[in-house]
Structure formats: structure tokens, C-alpha cells
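A, B, C and D label the chains in the order they appear, each numbered from 1.
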Amino acid sequence: MKGKNSKPWSGRFEQSTDPVVESFTSSLGFDERLFPYDIQGSIAHARMLGSSGLITNEEAEAIINGLEEIREEWEMGRFPLDESLEDIHMNIEARLIKKIGPAGGKLHTARSRNDQVTLDLRLCIRYEIYEIIRKLRSAQGKLLASARNHIHTLMPGYTHLQRAQPVTFAHHLMAYFEMFSRDIQRLEDCLRRVQVMPLGSGALSGTCLPVDREAVAEELGFDSISSNSLDAVSDRDYALEFLAGLSILMMHLSRLAEEIILWTTAEFGFCELPDSLCTGSSLMPQKKNPDPLELVRGKTGRVYGCLIGLLVTMKALPLSYNRDMQEDKGPLFDAIDTVKGSLSVITLCIENLKVKEDRMLQGVMHGFLEATDLAEYLVQKGVPFRDAHNIIGRLVLDATKRGWTNLSSFSLDELKGFCSHFGNDVMPYLRPEKAAYRKNIQGGTSPSRIEEAIKKAEKDLRKY
Amino acid sequence: MKGKNSKPWSGRFEQSTDPVVESFTSSLGFDERLFPYDIQGSIAHARMLGSSGLITNEEAEAIINGLEEIREEWEMGRFPLDESLEDIHMNIEARLIKKIGPAGGKLHTARSRNDQVTLDLRLCIRYEIYEIIRKLRSAQGKLLASARNHIHTLMPGYTHLQRAQPVTFAHHLMAYFEMFSRDIQRLEDCLRRVQVMPLGSGALSGTCLPVDREAVAEELGFDSISSNSLDAVSDRDYALEFLAGLSILMMHLSRLAEEIILWTTAEFGFCELPDSLCTGSSLMPQKKNPDPLELVRGKTGRVYGCLIGLLVTMKALPLSYNRDMQEDKGPLFDAIDTVKGSLSVITLCIENLKVKEDRMLQGVMHGFLEATDLAEYLVQKGVPFRDAHNIIGRLVLDATKRGWTNLSSFSLDELKGFCSHFGNDVMPYLRPEKAAYRKNIQGGTSPSRIEEAIKKAEKDLRKY
Amino acid sequence: MKGKNSKPWSGRFEQSTDPVVESFTSSLGFDERLFPYDIQGSIAHARMLGSSGLITNEEAEAIINGLEEIREEWEMGRFPLDESLEDIHMNIEARLIKKIGPAGGKLHTARSRNDQVTLDLRLCIRYEIYEIIRKLRSAQGKLLASARNHIHTLMPGYTHLQRAQPVTFAHHLMAYFEMFSRDIQRLEDCLRRVQVMPLGSGALSGTCLPVDREAVAEELGFDSISSNSLDAVSDRDYALEFLAGLSILMMHLSRLAEEIILWTTAEFGFCELPDSLCTGSSLMPQKKNPDPLELVRGKTGRVYGCLIGLLVTMKALPLSYNRDMQEDKGPLFDAIDTVKGSLSVITLCIENLKVKEDRMLQGVMHGFLEATDLAEYLVQKGVPFRDAHNIIGRLVLDATKRGWTNLSSFSLDELKGFCSHFGNDVMPYLRPEKAAYRKNIQGGTSPSRIEEAIKKAEKDLRKY
Amino acid sequence: MKGKNSKPWSGRFEQSTDPVVESFTSSLGFDERLFPYDIQGSIAHARMLGSSGLITNEEAEAIINGLEEIREEWEMGRFPLDESLEDIHMNIEARLIKKIGPAGGKLHTARSRNDQVTLDLRLCIRYEIYEIIRKLRSAQGKLLASARNHIHTLMPGYTHLQRAQPVTFAHHLMAYFEMFSRDIQRLEDCLRRVQVMPLGSGALSGTCLPVDREAVAEELGFDSISSNSLDAVSDRDYALEFLAGLSILMMHLSRLAEEIILWTTAEFGFCELPDSLCTGSSLMPQKKNPDPLELVRGKTGRVYGCLIGLLVTMKALPLSYNRDMQEDKGPLFDAIDTVKGSLSVITLCIENLKVKEDRMLQGVMHGFLEATDLAEYLVQKGVPFRDAHNIIGRLVLDATKRGWTNLSSFSLDELKGFCSHFGNDVMPYLRPEKAAYRKNIQGGTSPSRIEEAIKKAEKDLRKY
């Protein structure tokens, strides 16, 4: 049989694999990325096999040295990948045997690809969670730096994309700080479920050999070992939960991207991006487009697709391992790269966004953004809120008919015509630019509260 | 203007709402479910308004009594819903004003529907998380009870739905126990982000009025208050994270449903469901179908759809509140009901599944499930694993050609023909029914390990 | 056995259904909607049974009369639904037997619920496709009416939400006309696959009885009969394809909703919606929000969720019918109602949108929207396009530095300093408001082309 | 400015693109695949520019020759890709200018990347639709060939994965033939909307230059030209519809994969796959797993993810082109490759599936698959179907209690005890293996009907 011996499982097979099947089932295209984790896991496994007496110490040492040489080859770009060896795990094992002889064949003692691949994936996700948290913290740092510069920069706050009440730009930026904090917290929670060492679960039922699972877990820095071998090789919850966390994170980025895109339109004109973060048009010479942010927004779909894709793949699979689960890697790696790229771009945009305070302030002055405060003024005079709301609503309608865009032109007498509770002290309430200062409550937009929030955030961030 | 005054915001409006728009934007169809949470939140808010001096103590008391009467009306099914009042919040407020007069109009002091609705939703999700965890624990209890009865029940373990190695039925059930434990852990983690009190965030920027946010949080049992008003009214992360947790949970249920459906086929014949959990065919008189489990499997799509639906809705929304976010309730409530129903059904099926031990054992005896142990036997004789694997592979091939379905008919001499390391002590390794006992490792399938796992699980579960 | 006889399949059952299972598997909550289609299909089936001699003509007549009475009861709201009868089909059959006696038990001759339910669903979708097409045509009519009024209304055309080139508002509206035309075409294509009559497929393998399938198809207005009984009861392609068409349609609506939301912001100010299509804020008295359009945008997620939900449900189901497929109805009906409601609202908004031509024109004048035409001017003078693009790009940069927002202030001499090919005839090219008129090409934005397009569209639409 | 001149739009820019942005926005990684279509489209465009007099005939000829040389370079693998040139279109243009000098800069006359990229994508999808249809027809051919061999092969037909009624294996295979026919029909319908030529739409508003759009459409084999320039550059409906068609197709493949996986289990044992289409286990020497089919099933999630990903990306984008839309290519190409690979594998499996007729027949004999026919026998004796169903149900229950798995052991007297209408002619109805032959109705499972269906299908297929 041609090529019969090239597969690690060819003993009971009489035909070699059909080339169409070989290329369809090969995972080399994406699992190459697991290389360093596979080496790391195999070294820990070999060391344990040695110390447990399952192989001799000399064999263990030979294997470990061989694996370290292989890692070096790979880092140098000199590792020869063989497509016919199915996946990265078998490539490494074959190379090891070539390097150190039959002893290399002992590395797979008490191990299956089923527990090996979920180990590698857990090591990989752990690494990437740390990377993404680092990038989130970096983005938070830029948000804070900008917020500190804009504690007194007024801008219209929106609901329904209609001007609502004045806020400060710092307050607005800090909303994203909060979102990123939750993203970090969610990834950290996910990490608890990533940090479980599956080796020793074998193909599905464990192993007869007296391995020391705790030792492997300790060497690799895991918090615990898996409790059920069937579950251990069938479980991809950690990948799904990670993808769900990344999807929510991308949703946050899509909102920020959307806002900056709006702010840099001619119509809003609140901000400008530097040339270096924009691209032009092949046809229209005047164009300067916020392409990177549009891509972040667009790529949100891609990450959602990765999440739903893996959820679909896992649906209704009987225990334990099924090859369907190989389809975890494509969406995972794609989502990781998309999120990391998007975070880099968003961070650059936050850092380099040029704020046009005058345009923002103009927005605050027009659109009756002081109306709510005026209603709350009446509340403090004893008017039930519902009545106050109605009075101010009619005031706004009247002003609109006069062509006014705020309430500052009403005289006190005119005001009293709407409600007798208006008094001399109402005047500051007619000035929209004062409204943000009045929200002096935890979470509110007043500069002192924002300053407080920034200080707390800076302190938190410095911990890392 | 007809009906002009029926809306709480009609002051600045000159036309009444178009009836098409009224029915399209009404959320009464689903937010009625928030009724008890809205009352609960409003009572806490009113109490705080009173103690902060924003309304008089008498007013506070009147409001609270009014709200409690309203709650009673609702519980009795006597609350009159008015479709033209848009949503449940406005229905309650209008009813309150009708009951206690103008003082009722003071309840909305320092509050917006934007912070009110996210408060209600958080209270609702908190309640449902506890409910779902309770149901998960109940299912775990039934898994444990059944596992305890089947510590020695051998069954074929599968990979790729091909017989792989023997496991015990208890071991198999305990794999689902593990999944449900992770589901609980994930929901508990989510709860940390649900347990944040948003009131005081107003429509988007906070409030001018000196409210006591901490007091409201404490009364309602929240862990903390939200840190940024813009974020607080724009945030639905907690709902998304909850839906992601429910999606993974449904994935687990779909796997168990799939397995029981397989086990109750004529072909597997491992289990039987009682008549009371099956339904028949309108055409075929002999049919007895596992419909409830098929529905659980099918409804997995529904819950995934809820998750992706809300992720899509939230994509690229500019801050702060947008009406799109009203579309959070449909998918949330649908997913909650689907998950709770599915858990009830699955729990019944676990409890009432009749196991046919003989059919399971028959499966263990045929299919060479002892092959891996035999390879590990050779490893212990010093044969490198890869060579051992190959030798046993050829042995299986030889047996298959003789029409055998296990290796027990080989004589020692024949075995030695394949590998000289086979010795007298190999005989027990030829018996597949012994293999499960040999996996005496944490997480392995040996009865003693399973008993250990069950005891630990029982102890954990008793805590609740 | 309590309740044993209430089920049409209880012959071989010894226990009654568990109440938890009964309520979980009941589909009455949503399949009530199939009532009229079930009656329609049953009448055609009964008539065929009669004319084929499978039942007597008297029996057929009794059944048909009974069914018509039942339809009337239902239309009057007097049909008594019995939850324990599982679904609408069994409710109707039970009612029929009650009305006309044992002959009613003959209606189910040569029919299974499996072929019956897919027939009903096909009838329902056919009806809804016609309804939705009618609504799309109505929306197209409003687009055309508005376009006709705005053939000369200039507005900035955008790419990347940055001003790009002038277009007319009519041209912009006609882009949505095109989208809706494709939506209609797609639904019509889907209809070809809906229009297949499945009755006679029995539960899965057909029937022994000599039914006349073609006669049923003809009476019900189907184009053809299904070719394979296993496929016929397992097929939900038509529902999936319909949901895919609805998802693309909602995507279109979400884009139009997004645009109108942008146009009605204070910042764009291109359009205004009447009070009757907006709602206000419970807190902020001045607010007038485009809520219905936000809901359309938000509900896009819901319809996407319905599509993916059913795709997930259908994944990897073995033939033939599985109960999972009952989960087709929830997403289908939800998507249908959402799309119909959204189309009604969008149509109202198109009809009542007040256009502010001056604000649009102002947008055209600022942002160098004439730059491309100027480059094409140079091309006509023989400058390679890439060079022309570069020259105009530098011109724009120079103007920007002078604080200009269009190119009209450059003198000819200054222009010649950038490129010697500029001549006296360049002046009209410096006026952005002229640019839209120059795109006199099929599909272009010049008034004459638009007028042409509108006329053609009006003619097409009049056909219906 | 470093690198300033490398971009085709750098005229108005003062900074070069940030390298992070450059790599994030580059589409070279995937749009290289559009190379041949870009060349094809550009040649047609250049020829039209020449014949319209927009460039000289010499220039047109030079451009066309240059493009053909470039195509050759690419086919030879000698085309030098420059990452800094953003995308494949700019790479080709830059190469052209290098080859033929400034005349190359005229190729982009009257064209934007916005209309160019959608043209390329349409050409690509058209090609791939033909490819996929070809593969579907090839799979249909293998289904037919196998069906012809199994017109008389009986197997249990299933509903709810419980044995229901006998069918033939040919009938079962032909169900998939029907699904693939619908897939082809759907792709052909989609093609109508792909076959629209967008060039001439410019960036968004058309072009001032007198281009001949019809000529380009004709040269490229399109059916029509786009009607609205704004719509033309914003439209990705055709890609979404194509992805929806591919998703439904993958759903079909996932069902067939699931069935073959079930049939090749030890428990069903209906079929066997050759070694060449299976893979083994790295740990368990006896394993032979249907991995390729599991991957097909698993990759269904991937294709669904591509569909939902692009739907999300397109949601709520304002007109006209936005960079988000670059994210169409990733999911499209991924889905195309996944579907083509899956079809190849499925076709191989259909072709090489070894059927074990004896195991199938055994399944037919046990499970009361004759019950429905027996009920229909009573119907023909005048018993109302509902009563007949009930009588046979009780018969089945009685047999089950005696430990029987079919009804053939009942004596006529015993039968008469259940219903007096049983007569001598009942005997053939007690034999399950006869039941499939009795469904002699269009779409039914009787051999003569199947033979008819196969002949018709063979004739249809021969047309291509």
C-alpha cells in the first residue's frame, strides 16, 4: 500500500487516504499556529512521563532536547511541514522520531490527539486573552489621556441621535472606558474555565498508565485538572465563551467606530482624523475617508459569524470527540486576529482624534438641551414632575414656532405666563452650557465627578 | 388634538401619534413581564425620594401604598392595561396618578425611562438567573442519582460515533454534570455584571437633583452602582452575556438530547423512555417518538437566534439610548422560557430513562474496544507507543478478516506472531469488559474514580 | 388510563403524556395561525377522497360542510381550542368528528400530519409572499411619488459618509426603488419552490391508497406536485429561502431607516418627520425622536435571528420528519409580522418625510463635491486620469489651507499654475451644483435620466 | 512626504498612511483571487474607452496588450505583489503603468474602484455558481448511479429516527437528488441578479464621460446594466443571496453526512466506507472514523457564519459605498471553498458507499413497519381511519408484550379478535417487506415509481 506507513494510525488500514480527503481533512493550514503550544505541552508531558517512570529519564531528556531543537527550527522558519502528516502534532512527532530515533515514539504514551489538541488550544487562548487584555488596557490609557484633556469640553449628549442634554467629551470617552473594563472582566472570568488541564483524558476514557496529571498542570501553570475524561475531550465551552466575549467587545468597538465616523462628517464636524489614519478615493480627488473605522465596524459581522459558526458546529454532537470540532480553529484564530487588529486601529484613532471644541459647543447651544434641567427646576419649586415636563414641552413648542433653537430668549414674564412658579433664579437654567455642570452625582457628567472617575481609573490602570 | 394628552411627553407635540406607529412601537406585548420588577424598582425609588427630601414623606408613603395596591391588582389579574400608553412603565404611572392624584406625578422625579427600563431588566435577569441555576442543580441531582445506580454499568464509549473504549454509564452521565457546573459558573459570573444599579443615570447624563443612589442599590440588593450615566443607559452587555451563557447551555442540552434520541433508536437500543415522555404518530399506529427531546434539540436554533439577533441590534449604535434597544426584550424572554422549558423536559428524561444494561454490554464486547489497552500493555513491556499502536492495528485487521469483532479469540502463540513481547499476563487485556476498570486516574472511568467524583458532586450539591 | 383516548395516536400507549411534556410539545400557541390554510387544504383533500372513491360522496360532502362551519366558528372567534389536542390540526379533526360523527374520522385517510403541516405552511407562505410584495409595491409607489417631486432637488451624495459628489434626492430615492424591485423578484423566485403540493407523501413513504395528487394540486392552485415523499416531508428549504429573502429586505429597510435617522438629526437637518411619526421622552420635554425608524433598524436583528435560528434547527437532521421541524413556525411568523410592520412604518415615513431643500443644497456647496468632474474635465483635455486626480487633489489641499470649502474661488491663472490644460471653459466645472446634471448616462443622476427611470418604474408599477 | 506618491489618491494628503492602518485596511490577502476577473473587466473597459473615443485606439490596444501580459505573469506566478498598493486593482494598474507608460494611467478613466470591485465580484460569483452547479450535477450523477443499483434494496424509513415504514434505498437517495435540484435552481435564480453590469456607476453618481455601458455588458456576457448608480455601488444583495443559497446547500450536505455517519456506526451497520475515505486514531489502533463527513457536517457552521457575518456587515449602512463592504470577500471566498470541498467529499462518499443490504432488510423486519399499511387495509374495508389507527395501535401493544417485533405471528382469529373486518386477504399486509411496493403513487417508494423518477432524472441530467 502506497504511503501506508506515513500515518500514525495506518496499522488496520489497507488503502491509503484518498488525496481529496487528505487535503479536505488536513488542518495544517490553521493549526500551525498551535506550534509553540504543542511543543510547550509536549515538553511538560515528557518530563512527567520521565518522572513517573513511564519512560526512562534519558528518554525524557532526549525527547525534551529534541522538542527544543524543533522549536528553534520553527522559530527560524526552518521547520519542514509535511502536508501528508495531517496536522501539526503529527508533524512534530515525526520530526522528533527522525531526530532522536525510536524514543521519540514514546512521547505519545498515555496521550491522544484528543486531549493534546484541547490542551494546545487552551494554552493558545490563555496567551491571547492576556494579549487582548493588554491591548484593552492600552486603549483605556488613551481614553483616559484624552478624557483628562476634555473635562470641560462640552458636547451635545444624544439619545435617538437627537440632541438631548449637554455632556462633556470626557464623560463620553469614559463611557467606553467602562465598556472596556467589562470586556476585561469578562475575559478574566472566561480564563477561569480555560485554566483547566485536560491531559490524561486520553482519547475519551483516561489512560491505564499511572500518569501524574497534577504535575503537568503545575508545570504548565494551570489552576486545576479536568474532572471527567469524556467531558474533557468533548468540551469547547471555553472557546465559545471566549468568542462570545470577543463579540461583545467588537460590538463596543463598532459603536465607537460609528460615533467617530459620525463626528468626522462634514455635518457633525466634531472631530478630525489625521491623514495618516484615513485613505482617499481612486476617483474623487478631494476625499479623505475614515476607512479603518469603517472596517472595524464591518468586521464586527465577521466576529459574530465566528461565534455563531462554532455554536452551530457544536450543536447536537454526541459525546465524545467528533472531527467536527476541528472547525473550532478557523473561527477562533480569525476572531482573535480581527479583534487585535481592530483594537490597534481604534487605539490609534482615540489617540490621534483632533477635537473641534467650537463645533461641539455650537451643538450644545442649539436644540433645547436645557429643557430637562428647567423641568427639574420646577420640580424643586414643588411642581409634580409630569406637570413640569408638560409645561416645558409647551415652552419648547412655542420657541420652535418663533424660530428659536434654545430657551434663553424668553423673558421672565413670558415664562411666568407658562407657569407661575418661575422666579428670578431661573436664569442660569436657561443656559444650556450650564447644564452639564449641574449633574453632580456619581456617574453624572459634572467636571468634578468626571475628574473623580478619571483618577480612580488611572489608579486602577496603574496596577498593571 | 385627539388623544394629545395621553402621552407623558406630548407637551411639544402638535399631532397625535399615527395608529400604525402606535402599534408598531408599543412594547406592551412583551414588557408586561417586567411588571413586578417595575413596581419593585419604583418603590425603592420613591422611598429614596422621600428620605432625600425630594418629595415629602407623605407623598412617598402614598406612592408606595399606591404601587403596592397596583401590584395586587396585577397579581389578581385586575390591572387594566391601556395600549395607548406605550409601555408598562407608563401604564403603572398613569394608574398611580389615577389612584393617588397629582402626587403620583412625582414618582418620575429624577428618573427617565432609560434608566428605569435597564433597572427593571436587570432585576428580571437576576431573578431568572437564580431560577435557571435552580433548574440546573435539579438536573444535576437527577444525573447524580442515575450515575450512582450505574457505576458498574458498562457501555461503549464513542469517538466519531464509532465505538472507541468502554466507559461506564455513570461516567457518561457525569460528563453532563460537569457541563452543567460550568453553565452555573458562567451564569454566576454574568450575575456580577447584572448586579449594578443604574438608577440616577437619568436619560443619559445623570440628574441635577440630589438623589441617593447607594440607598436605592442597597434596598434592591445590588452590589454596586453604575459609574457612567451615558454607559449605564446604553449598556446591554449583561443581556448579551446572559444570552451567550444560555446558548452554550442549550448546546449542552442539544448534545444530551441527541444522545438519548440515538440511544432509544431500535439500532442502539441502550435506553427506553416511558410512554409519558413520548408521543405517537397521527398516521403510523406503532410509533413512539422522543418528541420532547427533538424539540429541545430543535429549540437550540431558537436560542442561538436570540443571541445573534440582539448582537445585531446592538451593533454600531451611537451612544446613548436608541429605541433599537427595545428589541432586547423579545429575544431575552423567548430564550429564558425556551431554556427553562427545555431544562424541565431534560430533567424528566434523565430521571425516567430506563437503561438496558444488556444491550450496552453487548456493544462493549464487539468493536475491538480493548485495542488501546492492549497497546498500552505493550508500552509497559517497553515497546514504543507508535510501534505498539501499529502492531495492534494489524492484529485488528487480521481479526476483522476472520470475521471476529474482538480480540479475545487469539491464542498467545498467534499474538506472539505479531509481537514477541506478548506474555502470559496479556489475557485480561483481551477482555474489553475489563478496560473501563483500568482507567484508574482522576477523571478516568474506573468505578472507584467515578464513585469519588459522585461523592464530591453530591457534597457540592448539598450546599444549596 | 386517564385521558388515554384524547390523543389520535394513543392506541399503543399505556400512559398518558406528562403534563410538562404536553405543554412543552404543544404548538397551539403559534400554529393557530395555520387555521384557515388547514381548512382550505382539508377541503381539497376531502373532495379528492370523494371523487377518488376512497370515501363516499356523501361523506366528502359532510366533511366539507363540517369544515366550512368550523371555519365560520373560527372567524367568529367561537372555535373552542383544546390544549390537550396538541395542535391545530387535531383540534379541527376532533371538532369535525364531534360535528359530523364517525365520518369525520375518514378525513385523515391517506394523509399524515407530516404532509399536512408542510402543505399548510406552503399555503401560508404563499399568502404572505403576496402580502409582502403588495406592501413593497406600495412603498415603491411612495418612493416614486416623492422622487417625481425631487428630480431637481440637489443633495450631497456620500461615500464613507463623507460628501462625495452631488446627486439628486430623486436619484437617491430611486436607489431604494431598485432594492425593493430585487426583493420582489427574489420573493417571486422563492414562490416557485413554495408552489409544490406535498399531500400524498404520507408520513414519509407515500400511501397505498389510490389518491389523485394532481387534482388536489389543481384545486389549491399549486404549480406542481412533490417528486419524492421522503424529501417532501423533510423539506423546509422554502421557509429558509423565504427567511433569507426577508433578511435581505430588512437589511434594505435598515439602511433607509439609518439614512432618515441621520437626515433628521440637527446636524444633517435634511429632512423632518411629522409629529405623528415620532415619539417623545418621558424625561426631556424638548425631544422628538424618530423611534419607529430606530425600531425598524433594531428589528433587523430579530429577522436575522429568525433566519439563523431555523438554519441551525435544520442542520444535520436525518431524514425524514423530525419534531425539531416544528420550530419552523416561531421564526417564520415572527419574521413575517416584523417585516410587514416595518414596511408599513417605512412607507408612512417615505410618504410624510418633509425635505429641506436649502439644507441639502448647502451640503452640496461645501466639501469639494465638484472635484471629480474637474478631474474628468482635464481627462477630456488629454491629461491621463491618474495625473488629473493628483492635480485636483493638490488643488483641494491648497483650498483647504485657505479655509475654502469648494473650488469656486480659484482664478483661472491660479488654476493654470496647477495645470496648463485648464482653459476658459473650466468655469462651470468649478460649480458643484452643476455636477449632478452632467452625469447623463444610464443609471446616472442627471434629471433627464432620473425622469426616464421614474417613468419606466411608474409603468412597471401600474401593471399591478 | 515619505511614500506619498505610492497611493493613487495621495494628492490631497500630507501624511503617509500609518503602517498599522496600512496593514489593517489592505485587502491583498483575499482580493488576489479577483485577479483574473479584474483583468477581464479592465480589458472590456479599455476596449470601450477606445471605441468611444475617450482614449485613442492605440492607447486602448497598448492597455489591452499590457493587461494580457500581466495576466500571463500572474498565471506563471511571476506577478510582483506590492503590499503598499492596498489592493489587487491598484497593483494591476501600477504594473500596467510601469509596463506601458502614462497611457496606463488612462485605464481608470470613467471608472472608480467602487464600480470596479463590484464588477469583479460579480464575475467571480458567476464563475463560482457555474462551478458549484457542475459539482452538484456530478453528485446527482453518483446518486442516480447508486439509486439505479438499489431500486429493490429495502431499508427502514425513519421519522424521529424511529423506524416508521419501509422504503427503498433508491428512494432515500433520490430525496437528496431533489434537494440538489432545488439548490441548482436557487443558484440559477441568484444568477439573474448577479448578471447585471455595474460599470459606469463611477464612485456613486455615474460619470460625465460618454461611456458605452451596453457595449461593456455585452463583451462581458452580462444580461443587463444596473439602473441606478447609487444602488449599483452599494449593492451586495447578490453576494448575500448566494451565501444564503450556499447555506441551504450545506444544510443538505450536513443531513446526508449525518445519515452516512449513522449508517456506518456499529449499531446501524447499513453501510461501510472504504479505508481511503476514513481516518484512524493516534491512540486507538482499531478505529476507522468517517472524518471527512464529520468535517462536512462541522463546516456547515462555518458557512452559516459567513452568511450571518455579511448580513451583519451590511446592516444599517448609509448609501452609498462604505469601506465596511470590503468585508464581503472573506466570507464569500471562505464559503465558496468550503462548499466546493464538501461537495467533492460527499460525492466521493456517495460513489464509494458500500451498502449492506442484509442489515437494512433486518431493520425492515423488526419495528412494526407494516402497521400503517394494515390500518389502510382496514380503511379499505370501510373502517374510519381514526378507528383503524386505534385498532392497530392496540395490536402493536399486544405484540410488544409478547416480545414480538412485528405483526406476522398473529393468526387471523387473533386479528379478528381486534377487529371483525380482518379477512383472509390480510396476510400480505402482515409482511413488512411488502409495504414499500404498495406505495405506487407519484413520489412514493414503489420500485416502478422510483424507476420512473430515476429515468426522468437521468434524462434531465443528460441535458448538461
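The rule we apply is simple: contacts are C-beta pairs under 8 Å (C-beta built on N, C-alpha and C of every residue); 3 or more make two chains touch, one makes a residue touch a chain.
Just so you know, these numbers come straight off a predicted model, no measurement behind them.
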Exercise for review: Would you kindly state whether over half or under half of the residue numbers at the chain C/chain D interface are used by both copies, giving same or different?
Suggested key: same
Point to revise | Pair with more cross-chain C-beta pairs in contact, given B-D and A-D | key: A-D
Check your understanding: In whole angstrom, what separates the CA-based centres of chain A and chain D?
Key -> 32
**Study point:** Gap in Å, rounded to a whole number, between the CA centres of chain D and chain C
**Key:** 23
Exercise for review: Please list all residues of chain B that touch 2 or more other chains.
Suggested key: 8-14, 108, 114, 159-161, 164-165, 202-203, 262, 280-289, 291, 294, 297, 300-301, 304, 307-308, 311-312, 314-316, 322-323, 372, 389-393, 396
Check your understanding: Which of the residues in chain C come into contact with chain D in the complex?
Key -> 8-14, 54, 93, 97, 102-110, 114, 157-161, 164-167, 171-172, 174-179, 182, 185-186, 189, 192-193, 200-211, 213, 225-235, 237, 240-241, 244, 247-248, 251, 254-255, 257-259, 262, 297, 300-301, 304, 307-308, 311-312, 314-323, 372-373, 376, 379-380, 384-387, 389-394, 396-397, 400, 435-436, 438-446, 449, 453
Study note, to complete from the structure: So, in the complex, the side of chain B touching chain C is made of residues 7-18, 20-21, 23-25, 86, 89-90, 108, 111-114, 202-203, 274-289, 291-292, 294-295, 297-302, 304-315, 322-327, 330-331, 341-342, 344-345, 348
Exercise for review: Show which residues of chain B lie in contact with chain D when the two form their complex.
Suggested key: 156, 159-165, 261-262, 264-269, 280-291, 294, 308, 311-312, 315-316, 363, 366-369, 371-372, 374-375, 389-393, 395-396
